[in-house]
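Each of the two complexes below includes chain A, the first together with chain B, the second together with chain C.
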Partner chain A sequence: MSDLTLDNFLQLTVAGIVSGSAYALLGVAFGLILSVTGRFHFAFTFTYTISAYIAAEVGQQYGLPLWLALIVGALVGAVFGVLFERVVYRPLAEKSGAYALLVIFVASLGLAIIGRNLIALVWIDTASLQITGFTNAGYNIGPVTLTKLGIVQVIVAWILILALGAVLSYTGLGRIVRAVRVNPEMSLVVGVDPKTVYLAVFAIGSFFGGVAAVLNATQTAASPDMGFNPLFYAFVVAFLAGLGRHPVVVGLVGLFLGLIESWSALFMSTQWTSLVVFGILFIYVALRPVQLRGMLRRPTPATA
Partner chain B sequence: MELEISYLNTILIFAIFALSLNLLLGYAGQVSVAHAAFGAVGGYAVAYLFLEHGVGLLPGMVIAMIVSAAIGLVVGIPALRLSTEFLILLTLAVQTIIITLVTTSSAFGGTYGLQNVAGFTLFGQDLLLPSDFLPLFIVLTVLVYLVVRRMGESPYGRVLRGIREDEVACRSLGKNVFSYKLTVFAVTAAMAGLAGAMLVTQNQLASPSLFSFDQSTAIVAMVILGGTGNLLGSILGATVLVLLTPFFQNVLNFTPEKASLWRLVAYGVVLVVVMLVRPQGILPEGTTPITLVKRLLRRGPAAGEPTQSAAPDVRVPEQVNRGALVDPASIDLDEDAHALTELAHHGALPDTVVSAGRTGEIVLKVEGLTKRFGGITAAENLNLELRRGTITALVGPNGAGKTTVFNLLTGAIRPDTGRVTLHGNDISGMRPDQVANAGMVRSFQDVRVFPRLSSLQNVLLAIQGQPGESAAGLFLRPAATAKVERESRAKALEWLSFVGMEAYAEVPAGALAFGQQKLVALARVLATEADVVLLDEPASGIDQQWVEVMLGLIEQLRDKGRTICIVEHNLHVVGRLADHTYFMELGRITAQGSFEELTGEKRLAEAYFGTA
Partner chain C sequence: MSNNPFNPELFSRLSRRQVLKAAGVGGAALAALPLLSACGDEGSTGTTTPGAAGGGTVTTGGDVSKIMNFIGPVEEASAGKGLAFDMGLVLAFTGPGAFFGRTMSAGAKLAAAHIESLGGPKFNLISKDHKSGDPQAGVQAVKELGFAKVPAKLASYNDDLGAMLPGTEQYKMFTFDGGGGTSTYAQGKPYFYGTRAITPNDGWPGTLRFIKEELPEVKRISTVFWDLGPNNQINADDLKRRIQEAGLEMGTVEYVKIGATDYSAAMQKIKADKPDAVFLGIFGNDIGVFMKQFSTSGINKPVVCAEYTQASADVAGAAYEGLYLGFDYFNAEKPDNGWSQIFVDEFKKANAGGLPDYYAANYYEDLFGMWDVIRRVLAAGGDPKDGAQLDKAWREKPEFPSVYGGDATTAGVKAVDVAKTHSVTKRPMTLSQYKNGKVVPLAYFDLEAADYRKA
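Take a look at the complex of A and B:
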C-alpha cells in the first residue's frame, strides 16, 4: 500500500495512464473483432503472445532495431489472426448457424491452449525471453518519474486508437466496416463482402494486440502465459464500453480502468489491486439495470 | 497397482467434474469456465477444516459442498441476466478471482498451497493409499451420476433443455427460469466442490495448480469430447483425457514436463477437432449404448448414412441438420409413441378443456395501459376487453404496437402506467411466468419452438402441474413424478393430434417446416390449458392449406369457451375469425367494432384496408 500523499497520487496517476493506455489498445483491438465479426476470439491470447516471442527472436537473432522487430512481431500475430478466421472460424460459422457463438468459443479456446503449450514446448529451454534494445531511461519531472518506455507505450497506443477511429469515421473503408458490423447480410446486397471485412478486422485487431504485446514484453519479458490477463482486460474494457462503440470511447474506458486500478494501490496492498478490475466488472454486471442480452448480433435462424 | 488405482481415482474425480458441468452446460446451456475454481473452494475447505480444526472427511466434504454451493449462488445471481459471451467473461473472472485469492492469502499457503492433508480415516480405517480411497470414490461417483441423471433425464431436465433452447419461450409457458438457473448453478457448484475435495484428499495437497484455468478447460474438453447433454459421454470424456497423462509418460516416454505440455496441447486439439468434425461429441445427446447398438443393427451395411425418419416430409434445415451439438441421425422414433397416438382422437379437442364461466363475460380487462421507450410512445392509454368464448383481433399497420400490447399484457415489458386484470385479479407488474400461471399464455410471431427438442417434448413443457419439474418433487415424490409423466405424455400426444402433428411427435421441432412449427407452437400454447390465449399472427408465413387447418382449430377453441386474442395482418383471417376488432395506429386504439364496421369506415378503408 502506498501512503496517501499528493506525490504518490501523481506517481500512481502516471502509472495508471501507462497501463490504462495498454488496456485501451487491447480493448479497442478485441472489441473491434468481437463487435464486427461476433466471434468469441479467445485465441487472441495466442496472437498476442506469439507477437512478443517473434519480436524477441528477430531482435536477438538478426539484430533488428526494436521498432522493426515490433512491426515484424505484430504482423506475425496478424497473420495468425487471419489464419484462424479463414481456416477455423469461418467454416464453423457456416455450418453451425444459430449455435455459432458457443461452437466458435470452444474451438477458439482449443486454439489458445494449443498455441500456449506449443510456445512452451518450442521455447522449453528458454526461461524468459527479454526484448532488448531499449534503454529504460527515466525522467524526473518534479516528484514524478516517467520512463521512456512508458511514454512510448502511451504515444503508440493512442496513435493507433486515433488512427483507427479516424479510419472508421471518415473513410469509405470505415463505412464498409461499420455497415458489416450492423448487418452483414445487407452489406452483401450493396456489394460489400463481409468475409473480406472479417479478415481485415482480424488482421487489424491482431496487429494492435501484437503491438501491445511487444511493448509489454519490452518492459518485463515474454512468457507463454502472458496473453491471458491482456485478453481479460481487453474483454472487460470492450464490455464496459459497450460493443460497437467508437474506438476513442473504448480507449477512454481502458484509460479509466487503468487509473482506477492504479489508484487503488493507495487503499490496499498491491497484490490485491488486480482484483479491483474484477470487482468493477462484478458490480457493473450486478447493478446494470437492463438485461445484457442481444448486445452481439446473432445469426438469424432461417425460417420457412 | 497403486499407480493404476490412482489413475482410476482421478478418472472418478474428473467424471464428477464433467458430469456436473454437463448438467450446467449441456442441459441448461450455461457456459462456465470456472468449474475447477468451484473445485478449489471445496478442496481448500476440506483441507483447511481438517488441518486447522480436525474436521473429518465426510463432514468436511459436506461443508465443502455447502460452501461451494453458496459461492455458486453468488455467481449465479449476476449470471442470470447475461447472454453467453458475457457469461463466459464472468466465469473467467470467477476462476481468476478464486485462484488469485487462494494464491495470495497466507492462510491458504500461497503458491504452495496447504500441504500434508493426510491422515483421514473413514469408519475407523486409515485412508492412505489410493486403494483405500477407491471404494468411497466409487460410491460418490455413482451417487453423483444418479443425481445428475435424475435431474437431467426427467421433466426437470426437459425444462433445463427448454431454457437452453429459448428462455423467453420457456418463461412464456410459466417456468420460473431464474429459479431453475440458480438451482443448477448451486447444485453443480456443490458437485464440483465435492470433486475438488476428493482431488485434495487423494493428492494430500490443496494447491492453486490443481484447480487452474487449465483444469477448467480440461473439464470443458471432457464434456465436449464425450458429447454435451450425454452423461455417459462425460464419463467417457473424463476417462480418455485423464489417461492421456500415463499415455504420454509411459507409452511415449516423455518427461513429466513435456508430457504435461503435450497433454494440454491434446486438450486443445480435442476442442478444435470435435468442433470441426463432430460438434455433438462422441456420444450425441439422446444416445445410449442401447440406442447405439440398435441403430447399428438396423442400418447394417448402410451405416454412416442418416437414418430414414419414419415421419414423412421432414425438412431438415441446415442449422438443425449439420448444426452443432445435436445429431439428427440420433432421432429415434419411439414405437410406444405410435401406439399411443392411435388411441388419441384425431383432430378433436381434448376433453380436459372445459372452461367454466359464461360466454361473453369479461375475462381480461386493460385500463389506461401506457408504455414509452425514450421519446417513442409504443402504447398510449390503451383500454381493451377480452370476452369469454370470443375472438378479439388487433389489427393495424406495421409498427402500430400490436405485438407490444402482447408483450405488455404478458409481462415481457413492464407498462409505465395502467392496469391489467385477469379474472378480476390485478396482474400488472407480474413476470411472464407468473402471468402464464395466472392463466394467460401467448404465442410468438417467430414461433419460438425449442428447435432441438422433439415436438412431443415441446408440448410436454407446456403441461401444467408436473411434480417432476421441481427438484423437490423429483427426489421426494418419485412415484407421483412417474405417474404424472405418463399422463402428461398422453395429454401432450392428444394436443399434438389435435393439431394433426402426432406423426411428428419424436421429430425435433427445428426440423419441421415453418407451418408445422406453427402448429406445434399452437399445441404448446393450448397444452398450458390457459383460459386466455394470445396468438401473434397465427396464420402468417404459412401455406394456404395450413391456414385453413389453423383457422379451424382456433374456431374450435372459441367454441369450447376459451378467450382468444389474435394479432393478424391477413384480413381474410380477421374477417372470418374476429367477433370484435380493435384498430391500432401509432400505439393508440383509434377504432373498434365488428370487422364489418371497421372496413366500412371510409378513413380506415383508405388508409389500411385498401379498397376492399
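Take a look at the complex of A and C:
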C-alpha cells in the first residue's frame, strides 16, 4: 500500500484531530439539546448556518477580528435556537401530547428548509460569504503541515467542551440540567422549571454549533447549504457516544471519528472517507440496537 | 408501546388534526422550497424582464438593433415574431452551484429580451432546478418538460451529469449545454450538443504546451477531479493520454465530492505524490475552497484550473493569487467583437454594472443559436415546436454566430461536430493567471492547442 507511510500517517492524524475536534463540538452541542429536551432539532442546520453568515456580515461591515465576529455570530445562533424552542417547539409540544416527537421533528425539518431558502434569498447576490478578520498560515514541522486556523479550531473546540463538562459536573446549573435530563417531572417537584432549562440548553447548544460554523466558514465560506452535513456528523457523534454522556466522552467520540475518517484515506480513495463514519454508525446500530430505545423521550406535561 | 417515533402504530394513532398541524408546518416549508428557490428565476421573458443576477431589469433599445449586423440576414417572414416558444432552462438554481444558475439564466434572459425586440419569438423560459448536479432532480426536470411538450432546452452540468440524456432523447428535446458541454461521457448523444469546449479536457493541450515552454521544471502532474462516478475513469484516461503526449508524467488522481469543504485528505495524498504542478477538474466555489486550503498545505506548486468565476475568487481571497486558468474565457473587459461589446454593455445595464462572465455569455449566445435554428425551421415551412425538426435543421448546418472570436464588425462562429462528438469543433480558449486581483491572459489557443500564441 503505497499510501501507508509515516509521513502520510502523521499528516492525516493532524487533519483528523482538526476535523475530529469540529465533530466533537458539533456532537456535544447537538447531543446536549437532544438528550435534555428530547427534541430532534433538525433546524440546528439553520442556527449553524445563520451564525456563519452573521459573523461574516458583521466581520465585513465593521472590520471585526475573527474572535469578536465569532461571538456575535454564535450569539445570534443561540437567540434563534431559543426562539425555535419558545415559539415553535414548545407550543407544538403542548398541543400534540404524546405525538409531539413526530410533530416537532416534522416542524424542525420544515424550519431547516425554510431557513436555508431564506438565507439564500437574503444573501442572493452572493453565492457565499467570506469570514474576514483572520489570516491563515501554514507551519511545517518536519513532514507535517499545521495551519493556524486548524490550531484555533482544536483549541476553541476543546475549551468549550471542557468548560461545558465542568459546568455540568461541578455547578448548580449543571446539576439542574442533569436533573431535568434524568427526570423532568421530579425536577419540577423540587422547584426546577424544565421549560427554562430547555431554553438554556437550546442557547448553549446553538451557541456551540455557531462557533463550529464560524470556524468552518473561516476555512471555506458561509453558504446556504453548509449546515446539513455537519448536522449528520453531530447526530452520528451524539448517537455513538450515547445520549446523556459527559461532554468529554462525546467529544472523544467525535475526535475518534475524525481520526478514523482521516486515516481511512490511507487505504481508500478520498471521496469515500466520509462513508467510513456512516459505516461505523451502521455497525454500531447493528450491534447495539438497544440504544435506539432510549434515544428520544416522550414529552410530559412538565416538559411540554 | 416504545418511544420510537418511527413506529407505524404511532402514525396510525395520530389524529387528523395532529397530522395536519405537523404537515402544515413541514408542508409549508416543503411547498415554499421551489417557490423560494425559483424566485426571480422563472417566468416568461419579454422586452422588460427581471434580471436574475442582481435583481436588475432587462431593457432593450440603444445598440441592440445593431446586433442584426452580426447575426446575419434575418428574414421577417421566418423570424418568428409573435411566436410564443417554450424553452427549458435546466440549471443549478440551488445547491453549491447556485451561482451558475443565476449567471446562466441572466445571460439567457437578456438574450430572450434582445431576440424579441429584434422581431423574433417570445421565449418563455421555463426554469427547472437540477440542484447542482443531482441526477434525480435532473431526471425529474426533463420529465416535467417532456410532459409539457417543451421542444428545446438549455442545460448545464453535461445534461446534469448525463442523467438527463435518456429523457432528452425520449422527448426529442433539442438541447444546447453551454455550461458543461458534452464532457467526455456525453458525446454523440441524440438531441444533445455541447456548445463550449469540453472542460477541463479541451484546455489541457494548450495549457500543457505553455507548461512545457514556460515552466520546464514541471515534470509530474497530480490531479483533483470531481467524483463523477462511472465517468471518472474516462476523464482520468483522457488527461493521462494528453499528459503523456506532452512528455510529462501523470501523478495521483484524487476524486472529491462536489461541494466538498474539507480537502485535507486529498491534499495530503497530493503532497505525498510530490507533483510539480496540480491540475483541477473541480468547478465553482469548490476551486476557491480548495485554493484556500492549498495555500497553507505546504505544497507550493502551480495549480491550473479550468474556470474563473468572481465568486470563487472571493471565496479564496489571497489564496487565488497565482492560480492558472485554462478554458474558453470570455473577456468582458475587452470583448472579441462588436456584438459581444453590445452584449457586455447591455448586461451591465441590466445587472447594476456587473460584468458578464463566460457562463452568461454562453447562454446568451446559445439562445441566439436556438433562434437561428427556429428561423431555419420556419423558413422551411416546418414546426419549430417539434424538437426533431429543430434537430434536423441544426444538423444540416451546425453553427451559429458567437460572441467569442470575430472582430469589430464580424461575429465569431460557433461550430459543432454533429457526426461524432456533438461538441464544438473550434473554440477560442485562453490560459490566464490570476495576478493582483485580475485575470491576466498568458496564451491563446484553440482545440488541441491549435493557433497557439502567447499573449
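Here is the rule we use: the second predicted complex is superposed on the first by the 292 of 304 C-alpha atoms of A that agree within 3 Å, B and C clash if a C-alpha of one lies under 4 Å from a C-alpha of the other, contacts with A are read in each partner's own complex, and residues count from 1 in each chain.
As a convention for this text, a residue touches a chain if its C-beta (ideal position, glycine included) is under 8 Å from a C-beta of that chain, and two chains touch if they have at least 3 such contacts.
As the structure is a computational prediction, the values presented were derived from the model and not from experiment.
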item	value
Fit-or-clash call for chain B and chain C when the two complexes are aligned on chain A	clash
First (chain B), second (chain C), both or neither touched by A:Val236	first
Partner chain in contact with A:Leu173 - chain B first, chain C second, else both or neither	neither
Which superposed partner A:Phe228 touches (first chain B, second chain C, both, neither)	first
Which superposed partner A:Ala163 touches (first chain B, second chain C, both, neither)	neither
Partner chain(s) touched by A:Ile155 [first = chain B, second = chain C, both, neither]	neither
Which superposed partner A:Pro91 touches (first chain B, second chain C, both, neither)	first
Partner chain in contact with A:Ala265 - chain B first, chain C second, else both or neither	second
Partner chain in contact with A:Phe278 - chain B first, chain C second, else both or neither	first
Common ground on chain A, meaning residues reached by chain C in one complex and by chain B in the other	40, 88, 92, 95-97, 99, 101-103, 105-107, 109-114, 117-118, 120-121, 124, 271, 274, 292-296
In the complex with chain A, residue positions of chain B that touch it	31, 33, 77-78, 81-86, 88-90, 92-93, 96-97, 100-101, 104, 213-214, 217, 220-221, 224, 257-258, 261-262, 264-265, 267-276, 279, 317-319, 322-325, 446-447, 451, 510, 513-514, 541
Contacting residues of chain A [partner chain C, same complex]	3, 5, 7-8, 11-12, 15, 18-19, 40, 88, 92, 95-97, 99, 101-103, 105-107, 109-114, 117-118, 120-121, 124-128, 130, 136-138, 140, 145, 147-149, 216, 219-221, 223-226, 229, 262, 265, 269-271, 273-274, 292-298
Touching residues on chain A, where the partner in the complex is chain B	34, 40, 88, 91-92, 95-107, 109-118, 120-121, 124, 228, 232, 235-236, 239, 271-272, 274-275, 278, 281-282, 285-286, 288, 291-296, 301-304
Contacting residues of chain C [partner chain A, same complex]	2-5, 10-11, 13-14, 18, 21-23, 25-30, 32-33, 36-37, 39-40, 54-55, 94-96, 98-99, 102, 227, 254-257, 259, 261-262, 264-266, 268-269, 271-272, 285, 288-289, 292-293, 295-298, 311, 314-315, 317
